[in-house]
Amino acid sequence: MKKHAASARRVIFFLVLWFVLSEGEALLVGAAAVPAASWLSLRLLPATRPIHLLPLLAMTPNFLWRSLLGGLDVGRRALDPRMPINPGWIRLPVDLPDGGRVALGGELSLMPGTLAAGTDRGRLLVHVLDKDQDHARMIRIEERRLGSVSG
Amino acid sequence: MTSWLISLAVLLLLSLGGALWRVWRGPEPADRMIAAQLIGTGGVGIVLLLAAATDWSMIDVALVLALLAAVAAVAFAKAQSADSVGDPEEE
Amino acid sequence: MADVVTYFMTALGLGFYLAGTVAVIRFPDTYSRLHALTKADNVGLGFLIVGIAFQADSWMVVARLALVWGLALMAAGITAQLIARTALQRQSP
Amino acid sequence: MMALAETGFDLVLCAMIATTALLAIGVRDQFGAVVLFVVYSVFLGLGWLRLGALDIALAEVALGAGLTGLLLFGAHARLPASVPVPSGRAVWPAACAAGGSGLALGWAFLTLPEPVGLQEAVAANLGTSGVENPVTAVLLNFRSWDTLIESIVLLAALIGVWSVARDDAWGGQPGLRQHARHGGVLANFGRLLPPIGFMIGVYLFWAGSSKPGGAFQAGTVLAAVALVVFMGGAMRPPLVTARWLRLVCVAGPAVFLAVGLTGAASGVFLGLRPDLAKPLILAIEAVLTFSIAASLALSVIGPPEDPEDHV
């Protein structure tokens, strides 16, 4: 039953995508393309853990706000004549499934001061613009938020 | 409005000149790729400005550019791996 | 009113793009430059798209613009990790 | 004011295109030249947009910035680290030859009679073509010769690529064995992006009949999507001996030719009856899209290389 729900979610996603692309026309082509894309998607990325929409929506404003701060932070450092950057690396273990870890890495890369470079022996490699700031705490919070989206 | 949008596109295009300098200068392959991706994102912005100023159907070009810029980044990572068909993340 | 929002948002977007380019030119190492690419540029594109959306003549155009932004955001998060890892591998083989 | 802004944009864009081209030729670093070529395509795509040629802008962005970039990245990875760059005297004859042919082309262009333009003729006959996009009307109806032969050229290129395979590797999977870290960034992206890219490719095919898009643009996007699937290690490319694969590659030109021959039976080779033109064009484009996608993807990935890969 869970599997059907996951498949239905993919189909709905690609239906919406086709609707936006074709501006609501060409239902016939869509009728062929949507099942094909859903099949491909399920084949490549089988739905093991469902994505919960509400926690995802709940974290969106915070994500947008923090990526705006990220842009401001980089801009400020770049335009400051003294260019205050103090780069370094941190590594920390992450308790998320594979997809979640990649999503966390992508999210961190858009947030102020952090940039992920994949994982190394189970630990996330994060480049920071200012190694004196406490990034680890912020990353833990984001990890918990993402953990509640899937699982 | 049209002249405002196109003037912005001119400024954006000029700023891509700075990125072009970084592509030329490098020094690392990753530096050149970063600058190329910057030109890709800037290109998406310019296409959207032109679309708003002249013809909305240009958005399709922005869509394809955004998609294929991501594909190019994947190809870059593959080609820089140890045997050129691997993944830099492999240990 | 819509025009005022467009003027403001697109100008802001351009500002972020310019800051990103300055950072890519000025920052001293590859990883710091990568920060500039993913953060400043995508915020720039975001403001540009919001500004342009206020000129759209239909909701379909707005949805399409949102699609471009979504694709760009997803690509940025992944691209940053791929390029960073590539540079790291090259630096310490 | 608007004309001023537009002229400014065009001037800056021309300067950027020329600068990028010069840098791509002048840069000492091989990889730098590859990246500059990709960047050049982005600027060129903007140029096509300014000329109002959205179809070509789409093709330029998909082929130049996307697929050719992919091909060149792979090619660069296989070159030895230091290929001697010719310098000093060796450069001058090449520069003179290139400059001379550039001048000759410019002279030829300027002495040609003013082009009459076929837009009016196309617009007048668009009603009988079966489609609303004039570019598609020209490519698949009024001058379908060109498109037919282009699709055959792609097939011939693939045969050429395959013909350089080593005998002991023939029959295996094309290219070297692609691999990616399980659950890593590359593997996840290679599974997330393709279905979305597939939808965009199908959309471009459908769009071709009424607005910019068409088989070549769609085929290029689909080829790039297939390559991402392979590069992410999610699926392996099919064996070069697979019958269905060869069928997909041949189907486009074959259907095109078959429709052309039925036209010949009623008088004009490649002629389409106006009342049947729309379904015929859609059918040709649908099959052609997948043939182009398969031929392009297989040409980029290269011939089978690994004798161990025999199944």
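Letters A, B, C and D mark the chains as written, and numbering starts fresh at 1 in each.
Going forward, a residue touches a chain if its C-beta (ideal position, glycine included) is under 8 Å from a C-beta of that chain, and two chains touch if they have at least 3 such contacts.
Predicted model only: the values in this text are computed from it and were never measured.
Of the two chain pairs considered here, C-D and B-C, the higher C-beta contact count falls to B-C. Among the chains in view, B has its Cα centre nearest the centre of the complete protein Cα set. Look at where the CA atoms of subunit C average out and do the same for subunit D: the two points lie 27 Å apart. Subunit B and subunit C have Cα centroids separated by 10 Å.
A straight line joining the Cα centres of subunit A and subunit D is 32 Å long. If you average the CA atoms of subunit A and of subunit C, the two centres end up 15 Å from each other.
Among the residues of subunit D, those touching two or more other chains are numbered 184-190, 192-193, 196, 200. Counting only residues that touch two or more partner chains, subunit A has 17, 21, 102, 105, 118-119. Residue positions 16, 29, 33, 35, 63, 67, 69-70, 74, 76-77, 80, 88-89, 91 of subunit B are each in touch with at least two other chains. Across the complex, subunit D is touched by residues 2-3, 6-7, 9-10, 13-14, 16-17, 20, 23-24, 26, 29, 32-33, 35-36, 39-40, 43, 46-47, 50, 55, 57-58, 60-61, 63-65, 67-72, 74-80, 83-91 of subunit B.
Across the complex, subunit C meets subunit D through its residues 71, 74, 78, 81-82, 85. Across the complex, subunit B is touched by residues 1-2, 4-6, 8-9, 12-13, 16, 19-20, 23, 27, 29, 31-32, 35-36, 38-39, 42-43, 45-46, 49-50, 54, 57-58, 61-62, 65-67, 69-70, 73-74, 76-78, 175-181, 184-187, 189-190, 193, 196-197, 200, 204, 207, 211-213, 217, 221, 224-225, 227-228, 231-233 of subunit D. Touching subunit C in their complex are the following residues of subunit D: 185-186, 188-189, 192-193, 196. Taken together, the subunit A residues at the contact with subunit D in this complex read 14, 17-18, 21-22, 26, 29, 32-33, 36-38, 40-41, 44-45, 97-99, 101-102, 105, 118-119.
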